[in-house]
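Below, chain A partners chain B and then partners chain C, in two separate complexes.
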Partner chain A sequence: MNIIGKDIPRKDAELKVTGRAKYIDDLTFPNMLYVKVLRSRFPHAMIKDIDISRTKNNKGIVTILTYKDIPGVNVVPVVLMDQPLLAEKEVRYIGEPIALIAGEDKEATEDASHEIKVEYEELKPIFDPVLAMKRNSPKIYGKDNVFSHHRIRRGNIKRGFNECDIIIEHRYTTSYQEHAYIETQGMIAVPYEETMVIYGSMQCPFYVQDAVSKILGLPYNRVEVIQTATGGAFGGKEDVPSLVASQAALIAFKTRRPAKLIYSREEDIESMSKRHPAVIHYKSGVTRDGHLNAVEVKYILNAGAYSTLSPIVLWRGTVHAVGPYKCPNVKVDSYATATNTVPCGAFRGFGTPQITFAVESQMDELANKLNMDPIEFRLKNILRKGDRTVTGHLIKDSMELEKTLKKAAQIGWKIKKEESKDYIKRGIGVACNYYGVGLGAGGKHLSKAGAMVSVLGDGSVNFAVGTTEMGQGMETVLSQVAASELGIKYEKVSIVLTDTTRVPDSGPTVASRATVMSGNALIKACKPIKKSITDIAAKMLGCAPSKVKLANGFAGFEKKRINLDDVVSECFKEKRIMSAQGWYKAPYTSWNKATGQGKPYFIYSTGTNIAKVEVNLLTGEVLVKKIVAVHDVGRVINPQTAAGQVEGGVLQGVGYALFEEMDSRDGKIQNTNFSTYILPTSKDSPQIVSVFVEDPYPEGPFGAKGLGEQPLIGVAPAITNAIFNATGIRVRDLPATPEKIILELDSRQGKF
Partner chain B sequence: MKVYNPKNIKEALTYLGGKDTHILAGGTDLIVRIKDRDIYPKSIVNIKMLHLDYIKINGDFIKVGALTSVETLYRSEIINTYAPVLSDAVGKMGSPQIRNLGTIGGNIANASPAADTVPPLFVLNAGITLKSRRGKRAVAIGEFFTGPGENIIERDEFITEVVFKKMESDEVWFFKKLGQRKALTIAKISLAFGGRLSGRKLNEVSIALGAVASTVIYAKRTADFLNSKRLTRDVIDVVSKIIQKEIEPITDIRSTVEYRRKMAGALLKQGLLDIMYSVIARQS
Partner chain C sequence: MIKIKFTVNSEEREIVTEPTRTLLSILREELGLTGTKEGCGKGECGACTVIMDGKPVPSCLVLACQLDGCEITTIEGLSENGNLDPLQKAFIEEGAVQCGFCIPGMIMSAKALLMRNPSPTEDEIKEAISGNLCRCTGYTKIVKAIEKAAKMIIHHG
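Take a look at the complex of A and B:
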């Protein structure tokens, strides 16, 4: 147990820092082709003709393929199966794939992509997610452009509001957010005898396997997917790598040659998923003594042209629509609507950051109207063990929101208001959040995970899991789990590349689930091996197996210690089982679609963020001076990687709050690279104070829950609440750019 | 595409003159344009080997070679002492990588209305030295730009040097840049200010603004208004209105007309308030 909770160095650190890690673009195969995707220039149009006659004979061009060349079915499998790999007759967004070009070098394919003439007949597009639901709007999905609708009904909403003393109602909007992973999307497909082998940057190898097998019409056992070092993902490599892999695979399948496809940054931003822009109508009411009594929400997500993961993103947002608070009367209606824009999808927080911005802005404003300290107001309403969430879920385990709130307040809830310059105003703001760990009832059939562990003859260990490392630190944390479980030294344990042939389908690496799911599977896989080791060690030590202690490379009994390598070697001589599979199935969850009641997730992580800001009244600029982030994640396995998650999440949250704005004009994204899509730099980073409160979750490996997404979720509202505290300006449209703040200041005819 | 690597100015000049011939200094603007398929050069003249990387004092003047990098300018004691307004501006440019590669000549020749060295050079009233096979000429920076990305350089010429007068100790100055974030950002608007202060009275005021018109511009009327005025809160309030009428900003991906207009006033106000506060602090 002694390496759990320690700052163990990351397994992948040295490889990545020294540049020896192999990312997909570092690989080449003999006779490899380069692929380029031809994309739609119109948001909504019929394809009349694709003229490849001239281009296909270009020097260096090997083949040009359209949907007609797909041997399997032309569909990218996610939830609703509405998205084709290559457009057939109609294109529905700018950047939609139409054809694939393969050539001997990159330049030839690039030039060809500029030469192919596509004849279009333009159709009327729809861009606005709210107007999309109107009767007379152009239809791109079903009768009403609604991909998905969810609801929560609890108590009596009318009576609830009647009982309230203060009711506020506002509209909130949030912008796209781009994942901005350093490594763009990329795949190589390699035909090997009867098998299509896919290498690439991804979160979910089993999604890729499913997609490629559908497109090529191959059984799963003829598609092998191997994840290469993945340079960031944040949800942006959940479902869309299925497209990239299938595009490369189709070329490889047709030409019988390896095919490499690496997206340019511009292509990646234009055509890959992002965080959904949202429109939120939020009405909430409190009684005079500060109890939240009624909440009514309409939550609309702009899903883009195809549904992809939107139904589940929307579902998660719906579940979290009231925040981590008790409320007896709730009515939530949420919609994901189709527009002629790039399909949105998974992004760290998965539908929760948008709604949390509205929730926490409302809570702040209610506290203000009640003349109550925002912390005190929250303490009256937060969920504790024994409470029911707004979906009726009785919380029994690990719920330490109160501790995070009190801890954060203790560290950060004071401020020197005055600055020496009278045009600088200081403010402070707080936001709480909770987050259902794992897929929950929204992805039940996927809520499982496998692991394979093999202790080798020299005492070193290989293990494989079905979830992936994408920079978040899973490899390190799981190595700690395996090492601790077997008592073998951490240095002797290593993960093998995630490969669909080594482990059973373990679902996706999303929803902050890898530590809990793969961790538990790994512990189970270690069990029979641990038994072998303990039995043999007991013999060697001359004691009962139950008396043997395994830790840090040794087996011990009372004062005697023997080297585990010797025990392992003995195990091999005795032909004991030293390699095993583990399987873990998530605890029960449930959901009633009509009422939105049930147990949507088996456990929640929680957190509190406090932001300190300075607002320049002359320029409207906001400087985030400090973020205090306190999270309850069950048990911390590695404090350093956990703090890393928090720091990255905070900075991504600062970007979401202040800078990151995607300008989509007539369906065309204007900021297609990082000179115009503005991410925070180290100079924009606040001081980040990251603290954990621990309340072990009995089901989790060593008591751990999930952490990956949490750190981002509450940051934006903490900042906008601090802006309010500093200036009295309430920002309801993210991001809070100086342009918006100056406009507000002006309308108030302030002193400056 | 042909690339020439001349060893001296004379040789370099022999390659210039063609329509699709481009000069390569640090390449931080040029290479981006080539990749964007914005230009298709037939030949490139790399001027890196021309020994134009220097900062010299010549009597009352400072001479800066066109190939001097932004980072060298930033680290220069001479620039820091005698042209602090420029020193401040280069400190706010790009990232370490960009500052190491980007040159002052490239920043000027590229003629972006948002170029950060240009407003300070306006305030310093710099002269730009151009050479061609025909000879050498000097042009005042205020006369150098004709539009966004456009300047008076002829095809057979290039910039060799930038010359300006040393600033003196009674001169006050500031450079303000508003970007979309704290670092690695292109100006939404920038403002350079220079003038002399005796007591609280201003004189010889010069103000230049970036990213509020098709080129960097002088705010002449605003400067005239301030000349021989005492710095008071009222004067500052009035002048920050005047400057807003002297500019023609646009809305683009970085900001809006309204914001840019307001900020011309706000930046001037902030700078002048800070000067006023420090004078008051010194006097009391």
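Take a look at the complex of A and C:
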């Protein structure tokens, strides 16, 4: 039986349903200290004085550290190196870390954190990402508060619009989105002889290793990072765990004792990264026959006080700024600006959900203006094999957007023409999206991955990779890949904890890249071992190695079968290679910074969402009844896990569309808990029909591309387009809360 | 400090503790039962759900002074001699687990539901777990798993 493409139960499920899986807060070490972070209460201020003299001697308090105690450099390394671990003279957002307190128990540490007096001198803050670029606004980064700017220039924008018959231009805004992983951030740093060992919840152990070594002034080989079971991440544990780990590590380094730091929910929401709020000006035009001919975009992200990942989030958003469509004349300018707010970062979709909301709203409106069915209109414009993207990338492989669109339409596209008189209005909406898999030209030097495979004497297998499991199912999918490659039973294959000492730096677990990158590295690692097994099996079976078939625990030749365990044991007697490393380097990508032309990603996943909604005209509430989600992600390795990714992504998209709204006033987030920041519950979950069209990607492991982020991206615009279809209300500011719908309805009373 | 006597997973326990200490903290830090998780500490996420005298409760809101004489079941008490509870089996089979952090609480809420209502409707299931936040799964497979577990229990007793 081939196990690729099968619903194999998850490797980690039993541990998790029995409560035996070990998350970071489940671990303790002898003599362990508890750490608490003292944070800024002002969005922008000078620190005049920190008075720790009294608190230092509190019962149970072991040490209090400030930036002066950092032995290495006071910087959290991401892209631009502008963020300190602990503020020195100036604080730039509410929640910025100032000092670290370590104590024998949680309570003493917590109490001390309230007693420390910090004397501030307030400075003028800036909160608005657009005003931040104005000449007279307070400067918190460089001369213009712009962390990063990207552009695309294609064709002739002026002529392009002149040729159009219909042009529409609108402004869109989107809100923060909180990751709301149910496990908050947490780390334990354990000094062990000359090495600092870090355990914790994270996506990117190699980022953490880099950060801790910079802060402590230690070489990489003296910092070992081990990922523990991670209770959700969604991008929110990409870069910020570097801060958490460095905070714990500094205490551990100074006290030579294990140090545990678990963020409270409030602290996590207040100070950790989120999806960037965006302001988007979008102008697009079509010819009468329905061809998209010109697009001009200005895309602004509120990056917050430090740049963190914003330059690359912005870059990805820029690349995807026209959506999965052909367009000969394009001008895109994008900016990530500095404000005195919490730094934003990676969140599932990485800069594309915001822009896709604008793209797909415009497409819907253009179809409407053309009097054309939105699906038919998209079919005229979508990318197919042989087309060029707006960055000039000629698509050669796996691009089945058309199939996803047609399949979704076939399952769920029926526009009701007759108007129901009722106060409940029903509507349907569609949105397409595409997503460059992997880091692409924006993170080229990280586009690599390693794997280590070891077949042991009894025929069981251990493998290690440098990417991480955070709930998405990587462990299971990669176990399927290794088992299938070696012909060994799935049950005998297991992954070891991701640990920086086991595999070379494999870059981050982001950008839906784990399956392709680690999968390919794993296949390469299996190669020499497979050769050992095949050679010996051939001898035992009395045939040529090329005739041996390995599958499901057996080696076979014609009608003869022998147990692989026996072959493995023979391999050991013969001293054959039974463990090996694999290395995979991503295919070529390129980017011209001045023109925005090139091959930004090596492959794209694509998808179509159709949403069915009911809008209550009395309350303004929107109920999502059904989402049809059709995705093209190459070959699907585990349909059940893949469907799980879609269902989870869809519901995050529903939250993003309708109720996840962060109330930030004067730089202070008001809703720092789950009774005020509203997450979708079981009752908000619509019927989700998830379907995959499979067009194998020749470079991917068994033909797979990437999936993780795709499912969320197109959901919000599909819903807002459905709201338009139901009511004629065009929502241009996410989320589409009942208040906004009611306001709109009020402002045009009498229309229904 | 108070002395309390209560039962955890059918085992008698007697501890001396602060009256305001939470059940969650007692379970995790005093008794080493780390299967019960903390997601908010404020009764808003359901990750810490345990069964107290037959009812699902957020253990982060239950204080030591309310515990005397109570009977508590946690996720660790669900499988007997290594035999998984039908809910645990169904969660595995249906692929209802992703990061897993919400799962112990989710399963305890579902267990309490099935104890009082052996064949719940889809809406009743959704209602019963509406206080358990899951950020990964979209709840679809969780609801299916609970439906399946209910059937397993009815068919096999």
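Everything below uses one rule, namely that the second predicted complex is superposed on the first by the 741 of 752 C-alpha atoms of A that agree within 3 Å, B and C clash if a C-alpha of one lies under 4 Å from a C-alpha of the other, contacts with A are read in each partner's own complex, and residues count from 1 in each chain.
Keep this in mind: contacts are C-beta pairs under 8 Å (C-beta built on N, C-alpha and C of every residue); 3 or more make two chains touch, one makes a residue touch a chain.
What you are looking at is a predicted structure, and each value in this text was computed from that prediction instead of being measured.
Engineer: For A:I411, decide between first (touching chain B), second (touching chain C), both and neither.
Structural biologist: neither
Engineer: State whether chain B or chain C is in contact with more residues of chain A in the superposed arrangement.
Structural biologist: Looking at chain B versus chain C, the one contacting more residues of chain A is C.
Engineer: Check whether A:D663 is in contact with chain B, with chain C, with both or with neither, and answer first, second, both or neither.
Structural biologist: It touches chain B, and chain C stays clear.
Engineer: Have a look at where A:E621 lands relative to chain B and chain C in the superposition and call it first, second, both or neither.
Structural biologist: Only chain B is touched by A:E621; chain C is not.
Engineer: Now for A:S675: first (chain B), second (chain C), both, or neither, which partner does it touch?
Structural biologist: In the superposed model, A:S675 contacts both chain B and chain C.
Engineer: Following superposition on chain A, which residues of chain A contact chain B and also contact chain C?
Structural biologist: Overlap of chain B and chain C footprints on chain A: residues 675, 679, 681-683.
Engineer: For the complex, give me every residue of chain A touching chain C.
Structural biologist: Residues 7, 9-10, 12-23, 25-26, 179-184, 229-234, 264-265, 470-473, 640-641, 643-644, 647-652, 673-675, 679, 681-683, 685, 688.
Engineer: Across the complex, what residues on chain B touch chain A?
Structural biologist: These residues of chain B touch chain A: 178, 180-186, 253-256, 258-259, 262-263, 266-267, 269-270, 273-274, 277.
Engineer: Sort out for me which residues of chain C touch chain A in the complex.
Structural biologist: Residue positions touching the partner: 28, 33-42, 44-45, 47, 74-76, 78-79, 84, 87-88, 91-93, 95, 97-104, 107, 125-127, 129-143.
Engineer: Which of the residues in chain A come into contact with chain B in the complex?
Structural biologist: 421, 423, 618-621, 659, 663, 670-671, 675-676, 678-684, 738-739, 742-743, 746, 752
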